[in-house]
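Just so it is clear, A, B and C label the chains in written order, and each chain counts residues from 1 on its own.
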Amino acid sequence: MDEFLIGVLSNIGLMSLLALSAWLLLVVGEISFGQQAFFALGAYAAGIATALYGWPLPLGLFAGVVVGALAGFAVAIPTMRLTGLAFAIATLAFAELMRLLLQLWVFQREVDGERLGPNAVEGFRGVRWVYDHDLSALGYLGVIWGIVVVVLAALFLCERSRIGLACRAVGADAELAEAQGLPAARLKILVATVAGGLAALGGGLYVHLATYVEPQHFSIMLGVHALAYGLIGGLGTALGPILGVVLDIGLLEALQEIARYRMIVFGGAVAVLLILRPRGLLDEALVRRLTRGKP
Amino acid sequence: MIWLWLMLSSAALGQTRLDAAIECAATARLMVYDCAIALADRQGRPVDGAKFKLGADMPSMPMAHNVRPVEADSTDAPGRYRARLELEMEGEWALRLEFSAPRRDVVVKRLIFDDKGGREGR
Amino acid sequence: MLEVKDLAKHFGGVKAVDGLDLHVRQGEILGLIGPNGSGKSTTVNLVCGVYPATAGTVWLEGQEITPLPMHRRLTAGIARTFQNIRLFGQLTVWQNLWMAQNAPDHVREQGFFARWFGGQARARASAMDYLDFAGLAEKADELASALSFGEQRRLEMARALAAKPRVLLLDEPAAGMSAAEIETLDERIRRLRKGGLTILLIEHHMELVMGIADRIVVLNFGRRIAEGTPAEVQADRAVREAYLGTS
């Protein structure tokens, strides 16, 4: 397969994990501008695990997920009492704080005669597990998409069970959900925890593909895109945010002619879509129409 | 299966890392740059016979800008290579040298591009 | 069964409920009436925990439930309907009932994992009993938002029952209903009492509430101004004044 295509597909897979993370919170009715912070945490944690301590990649990714989920949980506890704009701003503030802390953080170790590890604004270089273990770009693409498929399968199973429906109920009307005996606050915290872990999984995979990260990677731009993908693609199914990523990265990238005007096209498309289809292309009504009659 | 394989494979490759210095000059075509790359090993000795592709990503928006990687050509000068790179916009880019020889490896360099060219920043 | 002691709710300077005592006895229908703005709906919201009381306590079967958050009050055994219909419009009729299956009984029958992640068969069978009762069985798979107004009112009641409550709070269940619909509502509420359910009925429709309530409490300005059988209340002078506005 063409190298360029492998690169684009890898990026789509990685961005999908981040977009799914933001989408999960959209489902329970919260808009987060801060999922990039968990992506960053996952990247740093997984990178430190493999590059500085020689852990195998799966274990490093797992460490990243744990760190991301714990952070997601810790942020959710104080912010879940906030709603709407206040929640959005709180998550953004957290993410910016994380980014600024990473700009200051130096944590280096000598590995094989080379100083490795997070080095403030210089970033974190030399996360070479994939290269040291001679995993091909195509092989790593397989790893990324294997994980994306497993995540999607898990989300589909949840969608069809009571927990998924309860999350949608909380997103539609949290007070009514509470009145039905659903622990809305706890469900939101659970979802925020899972979303934190999911974003961190994407971050862990990203740092091993790029071999380096720096705090600048995790600015609000990344968070806004992750959020927009769910809003464009649709809130009705977990395929929505994936569709959003594919539309932005894939389609616009394929049309290299307009790639330069991409931000303009992207911004315009989001604005028009949010007016025409406030819950995205694959919204609940469409998903219902498409799946009706099936068990 | 793939996981098992990942867990078990632990063959670390040769440890002599490469170092690169890159400078790019603007060309007559908009957003197309001629990049000169100097490769050296850790001891500062020029490295010849390397095969690598030059790609780019924007640190301000990772994963979203896919620049088609271009093959770098060797020149007569020791350790010197050149490549013609087309970017999507001016600004800060992380150039990515993906080596297939002397061994698989990646070197990342940050450059700031404007209408005159690209220089390593920070 | 359900007791409210010295309950008060002040919104700024407005005393919506002001030192209310209320006792709903086991198996009875207690009617709660009063002019608009007399504090009936605020009382329901306080009992369900929509917002905290300024003062006073709420008791269910001798246990104080005042500190419980809203979702725990439902699992404790208090279910309600809403004066302004509130359903999950994007969910189907039966799924609305599924969401309400949070009683200790449901937890015991289904177990934690099966309840949240398991199949629908058991939950659906249980929900269908209540949809049958409310005459909505054929509509089980339609979106709640696609139902008519009267059907939505019935769905609200079926949903409240699906939570297996010990006390049912009906907040103006007859509002906006036709005479025929009110007649079947009357009959349904009687069947529920026969089944042993304790009911607090807030209602504007006098014919309905006077016909089925065992006892009636009359509110005005957040206070109880009369209590007794329908006949006693109808004869009460203070009640007449409150409704006719004579002073």
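The rule we apply is simple: a residue touches a chain if its C-beta (ideal position, glycine included) is under 8 Å from a C-beta of that chain, and two chains touch if they have at least 3 such contacts.
Everything quoted here is computed from the prediction, not taken from an experiment.
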Centre-most chain [mean C-alpha coordinates]: A
Greatest separation from subunit B - chain, by CA centre: C
Rounded Å distance, subunit A centre to subunit C centre (Cα mean): 42
Mean-CA-position distance for subunit B and subunit A (Å): 27
Separation of subunit B from subunit C, taking each centre as the mean of its C-alpha atoms, in whole Å: 69
Subunit B-facing residues of subunit A, complex: 3-4, 7-8, 11, 14-15, 56-58, 112-114, 121-122, 125, 128, 131-135, 139, 142-143, 146, 206, 210-212, 214, 216-217, 219, 221-222, 225, 248-249, 253, 259-260, 262
Contact set on subunit C toward subunit A in their complex: 48, 50, 69-72, 74-75, 80, 86-91, 95, 98-100, 102-103, 115-120, 123, 143, 159, 163
Residue ranges of subunit A in contact with subunit C within the complex: 157-158, 161-163, 165-166, 168-169, 172-173, 175-184, 284-285, 288
Subunit A contact footprint on subunit B (complex, rising order): 2-3, 6-7, 9-13, 15, 17, 31, 53, 55, 57, 59-64, 66, 68-69, 88-89, 92, 94, 96, 104-106, 108, 122
